[in-house]
């Protein structure tokens, strides 16, 4: 039997749509599952109380605070370095070979497994620089891991700023940095912010790099300084789901929901910034 | 004499864009530069304020002197402050009208509100835009019409008090009425400034320039008084271009 | 016009600006090179700690030793079961992810109406946003029992579960890079094919896929890099038995999971500690190579 090309196409397209459903449907199933099963676990107490009874009850307050603290310090390091690195690549690098070399390095940095970042952070920051297991060590590790995300999106944002803005500014006698600071960066800001938010969300969700650099198994108090350990949400979820027996599902799912919620809200922010910027763009 | 160009060559990689240009630009004149596309007139203009430095693989030979000083040896910011530029398209920055004009002065370290307001007002008056925009200085520059935007760009250039102003086909995107207003502004400006006008519109060159330079394929064919160029050019090619046989 | 700029004052200001300009330019240059420095530093620190292992264990024993018994006496540090664990899981993931990812990329990029495309893309991006520990947790409570029931196993913590989850996690990388590869195919190819009377599917199958082959390969490789490096999810659902797996229904322990699970207990400065860093070197080299080749494939095309 000969099948006509039309029929082949029909069969092929159904298979392709099946692939897509198989990829995308689980995403929504996962999120729905977490929301439905985690929702009942969320309460004011859950969000603001210390864990009790070996983490089987009480809240996850220190993990939330720890994550926020850690991510803020991470961004403190990652944003300036990342943005300036992108500025270098887009605005300054004229030596093609060197530029390419840096770009390859960034691609590779982005590809380094997160657990290897953990090892690196342990080796360099915790042990060699004697920071100990601390927010500082964890944040520096996460900052290096987030750099490629920030650099890539900042680069993209910078290259959407018309060349004419730079020429106008320079033609008025502004210096190179003044031009970047006043004519380029403000107009790339939405794109840069998008990258920062995505980097933030990545940092907030990572477990492997913080395992040996900052994460505390159980520490029912808030951090006092940069040199304290903290509990963080992703590691806490790992602990609840594999290390502590007989944890109630709503505590596990609730923790997952808080983490996913945090990350998805950040991503939503990124989407909104991007969309608003596209609408407002005047050139 | 304001600017003296001596045997200027410019290369972009392997392209020889300007081939041995020598000429003078006189104080308080409007020098028109005409020629077909890719004749080198815009490259010439961008050499004067060293905006060409931004191109990759650019190389320059020869000398350009401003008030007897080699422009390569003047601090490039100071040079560009002294030699302002108005671009082919109106290119306001995505800022308010006020901030567009105040951009240059701010970059040069002027931050006092009163001082900035004075500069903005004077610059906008000099480019004949003040009356049209004085009530909405804080609105976006993009809300102005094309002609108004171009006069805003002129005001922005004036605000840093240049000595020379380069116009790179400033009316190419404008309608005749806006063009007339920009030309009127240029004629007024030459009282205080030296102007170089690159244009594709030979009639515009005839209307406003004191002298005209004709560029062809990277060479300066001739430079002479406007009426001389348009009635009795020395070189055949000039006559042919002006009468529209090529270009 | 009033002379507001006094020339001498302007010159001093310009000199001041030049100094700050000089400083900021150096800072920008250093930030630009920082990524290079970090990659080097990562390698140096892995080496620094990892190489110490080879004072007590020979390179050969490490690479082809079949036993990973870090706390027995004497300890055995054979990375082979872990390496094989990683490879089995990766192989399974790639087998699942490549057809699925390719199909998904074709569907989203070529077939779905333009107006709906962004929604599908957002769906895939959403997946990229979910932290791996969350996927591990969900996999643990849903996928693992499912695999156990479907295949009547004693435990669902198997290579298969890990492969399924990792295939899913590699999807955003694979789909987006393959989609880009399709978009980079010149329009004229497509139009030429249509002009010859080919159907849309024939065009995709005979023109687009061959033309985009290098990009597809790069996407697969980068997805693979992602899979090999994945830690949390894989640690939570593959069973973590350091044995040489013989089928997809055996449990396995990957290199990443080993580091994550054991570093907490390893005494700093012990052979065990160094051995975990040595695994890090192996991981780093594999992903470095994968990324380098993928990047090369992507850029050669241009």
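Each chain carries a letter (A, B and C) given by its place in the written order, and its residues are counted from 1.
We adopt the following convention: a residue touches a chain if its C-beta (ideal position, glycine included) is under 8 Å from a C-beta of that chain, and two chains touch if they have at least 3 such contacts.
Computed from a predicted model, the values in this text were never measured in an experiment.
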| item | value |
| --- | --- |
| Graph class of chain-chain contacts, one of line, ring, star, complete, other | complete |
| Identity of the most central chain, Cα criterion | A |
| Top chain pair, ranked by how many C-beta pairs fall in contact | A-C |
| Chain B and chain C, separation of their C-alpha mean positions in angstrom | 53 |
| Euclidean distance of C-alpha centroids - chain A vs chain B, Å | 47 |
| Separation of mean Cα positions, chain C and chain A [Å, integer] | 15 |
| Shared-contact residues (touching 2 or more other chains) in chain A | 175, 178 |
| Residues of chain B touching at least two other chains | 77-78, 81, 108, 160 |
| Residue numbers of chain C (touch at least two other chains) | 17-18 |
| Footprint of chain C on chain A - complex, ascending | 5-6, 8-9, 12-13, 15-20, 22-24, 26-28, 30-31, 33-34, 80-82, 84-85, 87-89, 91-93, 101-102, 104-120, 122-124, 127-128, 144, 147-148, 151, 175-178, 201, 204-208, 211-212, 234-235, 237-238, 241-242, 249, 252, 256, 259-260, 263-264, 267, 271 |
| Parts of chain B lying in touch with chain A, wherever the complex brings them together | 49, 51, 54, 56, 77-81, 84-85, 87, 89, 91, 93-94, 103-104, 106-108, 140, 142, 153, 156-157, 160 |
| Complex contacts: residues of chain B adjacent to chain C | 75, 77-78, 81, 105, 108-110, 115, 118-119, 122, 126, 158, 160-161, 192 |
| Chain B partner contacts - residues on chain C that touch it in the complex | 1-5, 10-11, 13-14, 17-18 |
| Chain A-facing residues of chain C, complex | 17-18, 20-21, 24-25, 27-29, 31-36, 38-39, 41-42, 45-46, 48-49, 99-104, 106-108, 111, 120, 122-127, 129-138, 140-142, 168, 171, 175, 198-202, 205, 222, 225-226, 228-232, 236, 256, 259-260, 263-264, 268, 276-277, 280, 283-284, 287-288, 290-292, 295 |
